[in-house]
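Going by the order they are written in, the chains are A, B, C, D and E; count residues from 1 in each one.
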Amino acid sequence: YHSSYSGSENRIRVAFFLNVGHAVPIIGTETGIFSNGLGNQTVIETKLFDSGPQVIESLFANSIDIAYVGPGPAINGFLKSENKGIKILSGAASGGASFIVHPDSSISTVKDFPGKRIAAPQIGNSQDVSLRTYLSENGLKPAEKGGSVVVFNIANPDIYTLFVKGEIDAAWVPEPWATILVNELGGKRLFYEEELWPDKQFASVLLIGRSDFIEKHPQIIQNWISSHMETVDRINSNPNESELIFNQFLKKTLGKSLPDQIVSESLANLEITSDPISNSIYIFAERADSLGYLGRHGYDLEGIFYDAKETEP
Amino acid sequence: MAKYLGKKIAFYVILVAVWQVVAMADIWPNTIFPSPSEVAEDLAYGAADGSLFYGIATSMWRLIVGLSIAIAGGVVLGIFMARVEIVNQTIGSLVLGLQSIPSIAWVPIAILWFGLTDSGIIFVTAIGAIFAVTINTYTGVKNIDPNYIAAARNMGAKGSQLVTYVLIPAAFPYMISGFKQGWAFAWRGVIGAELLFSFLGLGFLLNVGRQLNDVSQVIAIMIVIMGMGILIDGFVFKRIENKVMYRWGLR
Amino acid sequence: MTKLEAKNIVKNFGHNGYKLKALDNVNLKIEDGDFVCLVGPSGCGKSTFLRIVAGLDTPDGGEILFDGKPVTSTGPERILVFQEGALFPWLKVRDNVEFGLKIAGIPKDEREQISNRYLEMMQLTKFANSYTFQLSTGMKQRVAIARALAMDPDVLLMDEPFASLDAQTRDLLLVELQLIWEKTKKTIVFVTHNVAEAVVLGNKVIVMKHRPTSVKKEISIDYKRPRLTEDENLLKFQKEIISELRPEVTEKSSSE
Amino acid sequence: MAKYLGKKIAFYVILVAVWQVVAMADIWPNTIFPSPSEVAEDLAYGAADGSLFYGIATSMWRLIVGLSIAIAGGVVLGIFMARVEIVNQTIGSLVLGLQSIPSIAWVPIAILWFGLTDSGIIFVTAIGAIFAVTINTYTGVKNIDPNYIAAARNMGAKGSQLVTYVLIPAAFPYMISGFKQGWAFAWRGVIGAELLFSFLGLGFLLNVGRQLNDVSQVIAIMIVIMGMGILIDGFVFKRIENKVMYRWGLR
Amino acid sequence: MTKLEAKNIVKNFGHNGYKLKALDNVNLKIEDGDFVCLVGPSGCGKSTFLRIVAGLDTPDGGEILFDGKPVTSTGPERILVFQEGALFPWLKVRDNVEFGLKIAGIPKDEREQISNRYLEMMQLTKFANSYTFQLSTGMKQRVAIARALAMDPDVLLMDEPFASLDAQTRDLLLVELQLIWEKTKKTIVFVTHNVAEAVVLGNKVIVMKHRPTSVKKEISIDYKRPRLTEDENLLKFQKEIISELRPEVTEKSSSE
C-alpha cells in the first residue's frame, strides 16, 4: 500500500476513529454493508486514526481517499486547500458532547464560571470552539485574553486524570468521555451541547472526501454514500445490535472494550444521521473565525458540500 | 555479572514491592495509579491472547530496520563532521538543531513522503535515533589520540582504510554509547510514530490503553518497552562494552 | 646520493600567550644508506624534527627534500617509531605489528611470517596475543620497533626507541639493528639521549643546539662494525660529543 | 570559526533557496509543503504581535530550569553508575529502559504529580534530558585513563575531591556531548509537554498550528526551535568544546 | 627501623587464555631513610611491584608492611612517579605540580612557592602555564618528578623517572636528588634500567630475576656522596651488577 497505488481503479481508503460517534464506518464495514454496496471489484481499506489534523494531512498527502472527521478539521482542510482539496460528502453524527461539572465544584450556572478552571480537548475542535464561544456569548473571556476563566486544552484521558485530582472544575468533552466522567467520577452533566444549537442539532462527525478522488471515481463515491445511508438506517433501527457490534469491534482491534453501560449511554447521547446539518457548519465556521482559528485573511465556504450533479458519471 | 544478579533481582523486587505498597495506600485511585498486580494481569492477558507478542514483533522489526539505518547514517555523518571542518560548521550545526525537533513534528513529513506505511514509521524511527549516533560518533572521533591517527597515516592508511581500521575502532568506546542512546531514541521514535499513525505495534497498544482510559494497560506497555530496553542493554550493549573496555585496559 | 635534506627548517609553537621558537633553521643532509644519530638537550626539538621529516607536521619555514622532491605528506617509505604510545590499544600485539602490512594489502600468511620474525627478535613471541595494556613500558617500546621494522621502509626514523629498555636487552637490540642496517642498507635517523648508544650505532652523530634548535656539530664515527657498547675505543667519540653537549645543557639551565 | 562563517551563511542561503525552488516546483501542494516565504510571513506575523517572543521566553525558562536539573542529576547519576558497579547493575539498567519511554508517556504522570503547572512541564523536560547526560557522563568516566585515577588517589584524592578534581574534568570532553544532547532532548521535552499540556510556550504555538492544519506555522515554530539550538550550539557548546579540545591537544 | 617490608609478594595476570606469573615471592626489607635502586630485565615486574607498594594494586599473595602495618590502600605518604603519562592533560604544568598540595588543602601562595621551587629545579619555569600536550617527553617526565617532590612524601617510589632525559640533564638531576635525599632523609625506591644511575643513587641495588620475578641479589654500595656518574670508582659496582643481570636477560631471550 504505497502511495504509488493511490490512483488505482478499484480501491478506496477510508479513515475513521474508534469513537462512538464513528459508528457508521464501524458498523457499516462490520456488517458488510459497504462491501456489498461497493461490489467485489472495489477493495476497501480502512485506516484507524485518532486525530483530525492527521486525517487532513493524510488526505493532502494522498494517503487516504475519504474520512470521517469532525467539522473543525473538515473546515480547516477545505480552507487550507483553497477550497479545492476536499469536500463534505455527508453527515455521520450529530450531538454527543456535554458540559460536565466536577462533583466538588460550585458551578451550577454560567454565572459561576469566573475564576474557574475548565478543560476542553484540542484547540480548534468542536468542543473547544463551543466552549470559547459559549464563554464570549456570556460575556466571559479566557485567561490568556485577560479574562477570568482558565481554559485548558488537553487530551481527554488527561482531562480524566485532572478530574480525579480535582484540578479542574468542569470539562466540555465528547462521548464516551462525558458519560465516563459522570458514571465513574460522579460528575454532573450541566447541559448537553445540542441544547445550545438551533433545532438541538449540530454536525459532530462528517464524511469528507478528497476532491480529485471524487472526480476520478464518482461511482465509487456514489456507492459509498448510499451504503453510508443504509448503515445510518440500520443503526437507528437496531440500537442494541449496534452497541454489540461496536464493542465486538473494539475487542477485535484493541483486545479491549468499554463497559457495555458506557457504550449504550454514549450512543444514546448522540444522533446518527446522514444529514450534514449544513446550517450548523456555517455557524461553526463563523464561530471558529471569530476565535481567530481560520487564518488572517477571512474565509469562504463556497463549494464545501459535494454536489453529485457536478460529477455525474 | 553473575555476582550482581542476586542484587539486581532484589532491586527490582523491592521496586515492585514499593509500588504495590504505594498503590495500596490509596493516595490515588487505581484508575490512574494501578497496582503492579493489575498491571501484571493485563500483561498476562495480552500475552495469553498473543496481541502483546504480535505488537512486540511488529515494533521490534521497525525498530531494528530504523536503528540500522540510523547507525549506518549516523556513523558516516559523525565521522565526516569530526574530520571535515566545513561539514561540521554547516551540516553539523544543523544536526543539533534537527535533534531538538520532537518526532511528532516529523510525522507529517513522513506521511507526505512515505504515506501511511511501515516506511513512514521507520523514517520517524531512524530520524529520532540518527542524531544521538552522529553526535557520539563525532565526539568519539574528535577525541581520538592524535598519535594514533598520525601513526596510521604514517603507515600508509588513508581514506576508507583510515576510517575502518583506525577511526571507528578508536572511537568505538564512545560509539557504543551512541548506539545505546540510538536504541532508546529509536524506541521512542517507533512508539511515537505508531501512536500517531495508529498502525499496529506497541505504540498503538499504548494509545489504545490511553483512549480506553485503561491506565494499567498503558503501564503494562511501558514496562514491556522498558523491559526490552533493559534486556537488550544487558545482552547486547553491556557485552560489547565489556569486551571493548577490556581491550583498552579499562576493566 | 642525498636521501634526505632539511633546508632551513623553522617551527614555532604557540604557548598560552607567547610564541616558542622550537626549530630555527635546521639544515641537514643525509645520504642514502646513512645511519645518523641525533643528540641534544631534552625539549630541544628532536621529536619535532622527526615528525616533520616523516611528513606528520608541516614546518613554518623551509622544506624537507626526500630523494630530491619536497615532502608534502606522510608515507610508508618514511616510517617513524614514536617516542610515546602510538600503539593501537584495540589491537593485539601481533595485529599492531602487522598493521602497516595489512594496509599495504599483504596476504595473511605472509604477514604472519613477517610479524613472527620481528616478534621473536623483540622477544615478544609469548605476548603476540596480548593487548597493549598488558605490556610493560619496555615491551611496548619493543612492539613499536617491531611494527616499524616489519614495514621495511626506505627510511627509518627512530625516536629514542630504546629509552625504556634495560641495558642488556638494549645491547642485544643494538647488535640486531646494526645487522639489519648492514643487510638492507636502509637510511636510519635515530634520536637518542644516550651518547654511548649514539656512537655504537651512528656513522654520523649530529649534536643539536638548545632551543631555538639548529645543528651544532656533525661528528663522523669511522669504526668497524658490529660495534659493542663495551668497546673502549668508542670512548673518545663519546667524550667529543659530550664536550659539545655540555654547554648546551648549561645554557639551558641558566636561561630557564 | 570566522573563516567558515562565509561558507556557513552560504550553506543556509542555499538550503533556503533549494527549499523555495522545490516549493515552487509544486511537487506537493503547499498545504503540506509551504514555501519559505510563506513561513517567513508567519514568523514575521508572530514577531509583530509579540506572541513568538513570549512563547520563546516561556519555553526558554522552562528549558533552562529543566536542563539544569537534568545536568546536575545526570552528572551525579552517571558518575555513580561508572564508579559503583552495583548502582550500574541496578539503577543503570533502569536508566536505559526509562530513556526509551517517550515523553508523551510521562505526561500523565506529570499531571498526576504536579497538575497543570510549570513544574509538570519542567519535570517532563528534565526527565527527557537527564538520561542523555547520565549515559554520556557514564561513558566518559568509564573511559578515563586508569592512570589518572591511580595518580590522583595516590596523591590523596578521594570522595568528592576525586570527583571534582579528576573524574569530572577527565570525563568532560564527553560530558559536553551529553550536555549538547541534553539540550536537544530538553527542547523536545519542553515542546512535547507544552504540546500536550497546551500551556503557553512554543509547544503550544506548534500545537495550535497543527490542530488548525496550518503547516507554515508549524514549520515556522520548528525553525525557531532549531534556530535556538544552532545558536546555543555555536555560542555555548562549541566554545566550551574548543577550549577543552585545545587543552587536551586535540586541536 | 624497617620502613617497608615486602613479604612473599605474588602477582599473576591473565593474558588471553593463559596465566602469567609476574611476581613470585618477592621478599624485601627497606630501612627508614634508605635509598634503594631496583634493576631487572624489561617486563620482569618492577613497575608492578612499585604499584603494589604504593597500594594501587593488590597482590595475589603476601603483603606489604609499611611502618609495620599492612598496606591496604594508597596514600600520600607513599608517592609514585609513574613510568608513563599520569600527568593530567586538563591542567597546566603548574597545576599539575600543585595537584597533591591542593588536595591536601595547602593555601594558594604556599602552593605556588613550592611549585616554583621544583619547576625551577626541573628547568620548567618557562612552561608553568603550558598544557602537557605542549611538552616534550623529557619535559613531561620532569613535571612528574616535580609533582612527586612537591608532595614531600615519606617514601618516594620512582619508576624510571630519568629514562627520557638526555645524559646532561640527568646528571644534574642525579645530584639534585642526592641532595634532597641527604637533606630530608626520605626513603626512596628507584627503578632504573641504567646501571650507572643505580650505583650513583643507591645505598643498595637490588637485582631482580627474570619473570617470574623475585629478588636475585642485594648489593650494597658504600661510597661517599654526592656521587657523580663519571666517578671511575663506581665502575666495579657496575660490573658486579651487570654480571648478575646478564644471565637473566639471556635466560629471557632463550625462554621466549
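Convention: contacts are C-beta pairs under 8 Å (C-beta built on N, C-alpha and C of every residue); 3 or more make two chains touch, one makes a residue touch a chain.
Note that the structure is a prediction, hence the values are computed from the model and not measured.
J.: Go through the assembly and pull out the chains touching chain A as well as chain B.
T.: Touching chain A as well as chain B, we find D.
J.: Please give the intersection of the contact partners of chain A with those of chain E.
T.: The shared contacts of chain A and chain E, listed by label, come to D.
J.: Which chain has its C-alpha centroid at the greatest distance from the C-alpha centroid of chain C?
T.: Most distant chain from chain C: A.
J.: Compute the distance, rounded to whole Å, between the mean C-alpha positions of chain D and chain E.
T.: Computed value for the inter-centroid distance: 48 Å.
J.: Need the CA-centroid distance for the pair chain B / chain D, whole Å please.
T.: For chain B versus chain D, the centre distance works out to 16 Å.
J.: So, what's the distance in Å between the C-alpha centres of chain C and chain A?
T.: 81
J.: Using the touch definition from the top, which residues of chain A touch two or more other chains?
T.: Each of 57, 60-61, 155, 157, 161, 165 in chain A touches at least two other chains.
J.: On chain C, where are the residues touching two or more other chains?
T.: In chain C, the residues touching two or more other chains are 84-85, 131, 134.
J.: Enumerate the residues of chain B that touch no fewer than two other chains.
T.: 28, 32, 108, 112, 210, 248-249, in rising order.
J.: Okay, what are all the chain pairs that touch?
T.: Contacting pairs: A-B, A-D, B-C, B-D, C-E, D-E.
J.: What part of chain A is in contact with chain D in the complex they form?
T.: Touch list, chain A to chain D: 52-53, 56-57, 60-61, 72-73, 76-77, 80-81, 85, 122-125, 144, 152-155, 157-158, 161-162, 165, 167, 293, 295-296.
J.: Any idea which chain E residues touch chain C in the complex?
T.: Contact set of chain E toward chain C: 13, 15-17, 39-43, 45-47, 83-85, 92, 123-127, 129-131, 134-139, 142, 160, 163-170, 172, 193-195, 242, 245-246, 248-249, 252-253, 256.
J.: In the complex of these two chains, what residues of chain A are touching chain B?
T.: 1-3, 6, 18, 47-51, 54, 57-58, 60-64, 155-157, 160-161, 164-165, 180, 184, 250, 254-258
J.: Once bound in the complex, which stretches of chain C touch chain B?
T.: Touch residues, chain C against chain B: 51, 54-56, 74-76, 78-80, 82, 84-86, 88-91, 99-100, 102-104, 131-134, 147, 151.
J.: Name, in rising order, each residue of chain D that touches chain B in their complex.
T.: Interface residues on the chain D side: 4, 7-8, 11-12, 28, 32-33, 85-86, 89-91, 93-94, 96-105, 108, 112, 131-132, 135-136, 138-139, 142-143, 146, 173-174, 176-177, 180-181, 183-185, 187-188, 191-192, 195, 206, 215, 218, 222, 225-230, 233-234, 237, 245, 248-251.
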